[in-house]
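Heads up, the next two complexes both have chain A, just with different partners, chain B and then chain C.
Let's look at the complex of A and B:
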């Protein structure tokens, strides 16, 4: 028996800040102290609080060490693991109270969270199938294969109210039902998983794959049984090397244990699965493009109908769900539809994972019940906005979503409410913006992304978005007119209505929602030739005030020598030379330079 | 995997190993004094004996942790046992043999081993 477990995050976030080195140092240090039979070191998936990585939790005490370095490891071993003295200086400060250590679940970051899809992330070793089995893993598959008919499985998923977590929110049970019944005499069907997480700032699917890959395998096998498929494909981007590696290990282990392959649980049901790597094209997150890419063709969408449930991968009836959707399935089977539908709002059941990013203190991954307000997520869980800045907007749904302004902070988040306020759930990226962000620039950023990622197959998306971007660029350069705003709006609706796939249909959303809520910023760019947030370079100018002491520091630090002036005399910026880098402001000791 | 039984067997086998990765309060806690004085007096074999005995009996919900010097170095190795909702019991001058008895009598059968406690030592 191990008296103590040391859990070290091996997710992408903590790995990039050196958790692999910490892990190997921990193992060698434990050996040095002769504790290898008492203390077990476990590499887990993401704990969610990526901002404080690398993260380490020591059980049974539940000590949450944050920002651990390799140099800290010997101290943790000799003090905590050997002598039982917690290394207080490394603890996550919120867990430290006057009378000892607070449980992690009582901290603001974790208190309001409810982990269903992420329940094993940061708890088990994702590369050990037996640890997954120990936390009820594969019990749902066992139950389905030995006690339930495929129709009963679909019924449970339908009743649970689970909707697609990839963004559009189509009822999962309905999707499975269609794939089961539309083509009764199909000789082959397929179960596919969309792990091509393309939204900038979203990383929940990656975290599930890295932290709990067996949950996906189990759920896909359940889906296979429900619709009558024997083969599954996971389409995952090659930019997720850790996720791919762990999924690969998990699939091999599942085969070894007979949880994939022939005659699973002696039920006569066969199911196997393979990984297909994507090259990171955003459009391949669209279902028909994804399937085309799995088939080995260029990832381009095709018109629907026929929908994949009728004619999908290789022309066969197919089901495609997102990673997070699948991660909920085993729990729904085990705990029942009522348990799942007791969480969330009327039309959006269960929980949703959000990737918090941008101007927020606790950058990381959180899972909350549907219906939690944006304010709770940003202020309570996310810890608010750093440096005392003011909240301006939250962007959900990535390049397909929109910006939500402060007046809607108290809206309970679910699929329908987000649509009503001009954004969408998307895969769950949540980027927070403060007063230093220019909303026109944000719209331009997302549009640049979609223009770049448009596959070019249909004209509205290929050319329409390009023209839209040109209009936006014109505005950020102070050359726009008020008529341009109307033109843009018209073009947005045209693109939305006429594009072939979801990429084009949603690409104008960032523009539309910023036009709706932040029209004054557009007007400021056009009429006043001014960027209120001071972001758009063409509209910003730097000026030295009369309070200048003539210390020459700005002139010495200007990379293009645009500042001139004599010692102890006011300096002047040559606007023609200035590149608006802001180095002068950063270097002025007298606050004598302003950005206008 | 040919049957649910097989799955259950793996789960049983692994349960103990993932069990202490939570923070519920209804755990039995065995705290061994592992400061310099404790280690010098032989606390390490005592702790190992606790771990072995718990593993042998397959006890769940028992955590073994260490602590620093409790202050009565002459009575080391010291061990404190916390049963949920009950007062702490402090055992003194522990040995691996005594540890086995504490697990059997106190942790499993809820009878304090009075003759090993600090009260009878003084």
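Let's look at the complex of A and C:
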């Protein structure tokens, strides 16, 4: 028995800010002060509040230390762990009250959250199967294999109303049912997991893999039993080294404990799984492209039908769900379909994880019941916009989604409402933008992404998006016409209707949604030749004010010699030569240069 | 995805590297969909996938060079050209982008005097605009090999690069 537990986040966010060093320093300091039999250090997955990393929680007090440095460790050990005196200066300020410390769950960030998919992240050590088992891990697999028929399993998932968390929101139970029944005499079937989380700004799947990998293994085995498959594949983004490592460890441990392999729980059911690494192709998040990639080819999508439930991986009936979807499954089996469907809205049940990023105070991962409004997520949980700036838009759904303006902040978020306001759920990235972001530039940013990631197989996506990007570029350079806006809209609908796979069908969404809500910004670029947010370089100009002291520093630092002037006299910028690099502003000691 | 320029830098693979690759292929070629794992291992061994290495893979796997080359050029993470000793990546994912990572990237390029995907003449640095690496809480983010630098402005870039120049 230990009297204290120190939980240190080992997720990617905190690791990147040095949590591994803090962990080893903590272990050696505890030893140095002779506490190794009294205090246990646990490396956990992500707590969610990435903005405050590296994060450490000390139990039983529940002290939440944020932005800890290696230098702070000796003080935490000698003050808190040895003498029982909390190091107040390192506490997350939200948890400090007049009469002591309040628990993390009472803070604004956690209060409105409801953790189902992320329930074990930041709670258990993901590299130790016993810790997962201690929180009812593999109980759902046991229940399924010993008490339920495959059809009963599918029935529970169907009744729960669980829909795919990867983007399109297809009912998971329906998918399993098709894979079970469509080809009754199939000699082999596969269960696949999409962990190729490519949407920029979304990292919930990685968090589950890093913080609770056994939940995925358990759920895939359950899916295997339900559809009649004995082999699973997890397709993981190669950019996630920590996630891959922990999943490998977890698979090994599950095999050792007989939870993967032959005759699991003595039921006669065999199931095993392997990892396949992606190699940086966004289109491989599309189900048929992902399967083609696992087969070892260029990851190009295939026309559907036939759907994967009939002819999927290696031509066999297959089921593909994403990580977050699977992470819900064991809980649904244990707690029942009614428990799950009691959360959420009419057509979107359960919870959804969002990755909050961009211009927001509390960047990180949050899990809320479906139907929570954007305002609650951004203002209450996310802590609003930093530096007193004004909210402009929230972007959901990544390159397939759209930008949501302030007037829709009170829309309850679910699959259908997001579609209705021109965006989509996607995998749950939620990027907040303020008045300093240009919406035409953002549309162009996403188009550059999809043009680069288009696999080139079908013409509407390959050429259509390229033309769309050219039109957008023209506008950001001040050369657009109002007629271009109509042309763009027409092209958008053409690409959506005629592309082969989801990538092309959704690629124009960022353009369409910004045209719908921020048309005035497009018009400002075209008619006034002005970028209201001051982002588009070709439309921005730099000017030296009368407060210039004539120190010559800007002229000396201008890379293209566009600034002239005599010593101690006001300098002038030659607008024709200026490349708008901003070096003059950076070098001016008198704030005498402005960007317009 | 159109990257097809082939390296002009002479191939310097060793016999040990070749043996290691051939052994890996022999052990894994029976696996379903073995090509990508083989190419990933080859890149691990050589650091990149020059045509000479692709030829070994094609020969051992008994498939055409065209197929290997097709896969190598499809995926962003397969490199046809060698990388620098210090691989700089600037995240241009959405969260970093809206917080100004384009300026960070432009600054790094101008300090090094190279463009996206290039290597400095001395082979010390290469730079790449990367996809989201998922440290959105630290945005904007720049990585040098395994080191991560977060919450940057363009002004921080020269100091970081200088640190590695001296190593």
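Definition applied: the second predicted complex is superposed on the first by the 555 of 596 C-alpha atoms of A that agree within 3 Å, B and C clash if a C-alpha of one lies under 4 Å from a C-alpha of the other, contacts with A are read in each partner's own complex, and residues count from 1 in each chain.
Following the convention adopted for this analysis, contacts are C-beta pairs under 8 Å (C-beta built on N, C-alpha and C of every residue); 3 or more make two chains touch, one makes a residue touch a chain.
Just so it is clear, the model here is predicted, and its values are computed rather than measured.
In the superposition on chain A, A:294 makes contact with chain C only, not with chain B. Of the two partners chain B and chain C, more residues of chain A are touched by C. By the touch criterion stated above, A:315 is placed in contact with neither chain B nor chain C. By the touch criterion stated above, A:51 is placed in contact with chain C alone, chain B being left untouched.
Once the two complexes are overlaid on the shared chain, A:103 sits against chain B while remaining clear of chain C.
Of the two partner chains, chain C is the only one touched by A:16; chain B is not.
On the side of chain A, the complex with chain C involves touching residues 12-13, 16-17, 50-53, 197-203, 206, 238-240, 276-282, 293-299, 314, 355-359, 363-364, 395, 398, 429, 431, 433, 437, 442, 445-446, 452-456, 559, 581-582, 586.
Looking at the complex, you find that chain B touches chain A at residues 1-4, 7, 10-11, 13-18, 20-23, 27, 29, 31-32, 34-35, 47-48, 51-52, 54-55, 63-68. By the touch criterion given at the top, residues 1-5, 7, 37-38, 40, 59-62, 82-85, 103-105, 123-124, 130-131, 133-136, 138-139, 142, 146, 257-259, 263-266 of chain A touch chain B in their complex. The touching residues of chain C, when paired with chain A in their complex, are 1, 32-37, 39-40, 67, 70-71, 74-78, 92-95, 97-99, 103, 106, 110, 130-139, 141, 148, 150, 154-155.
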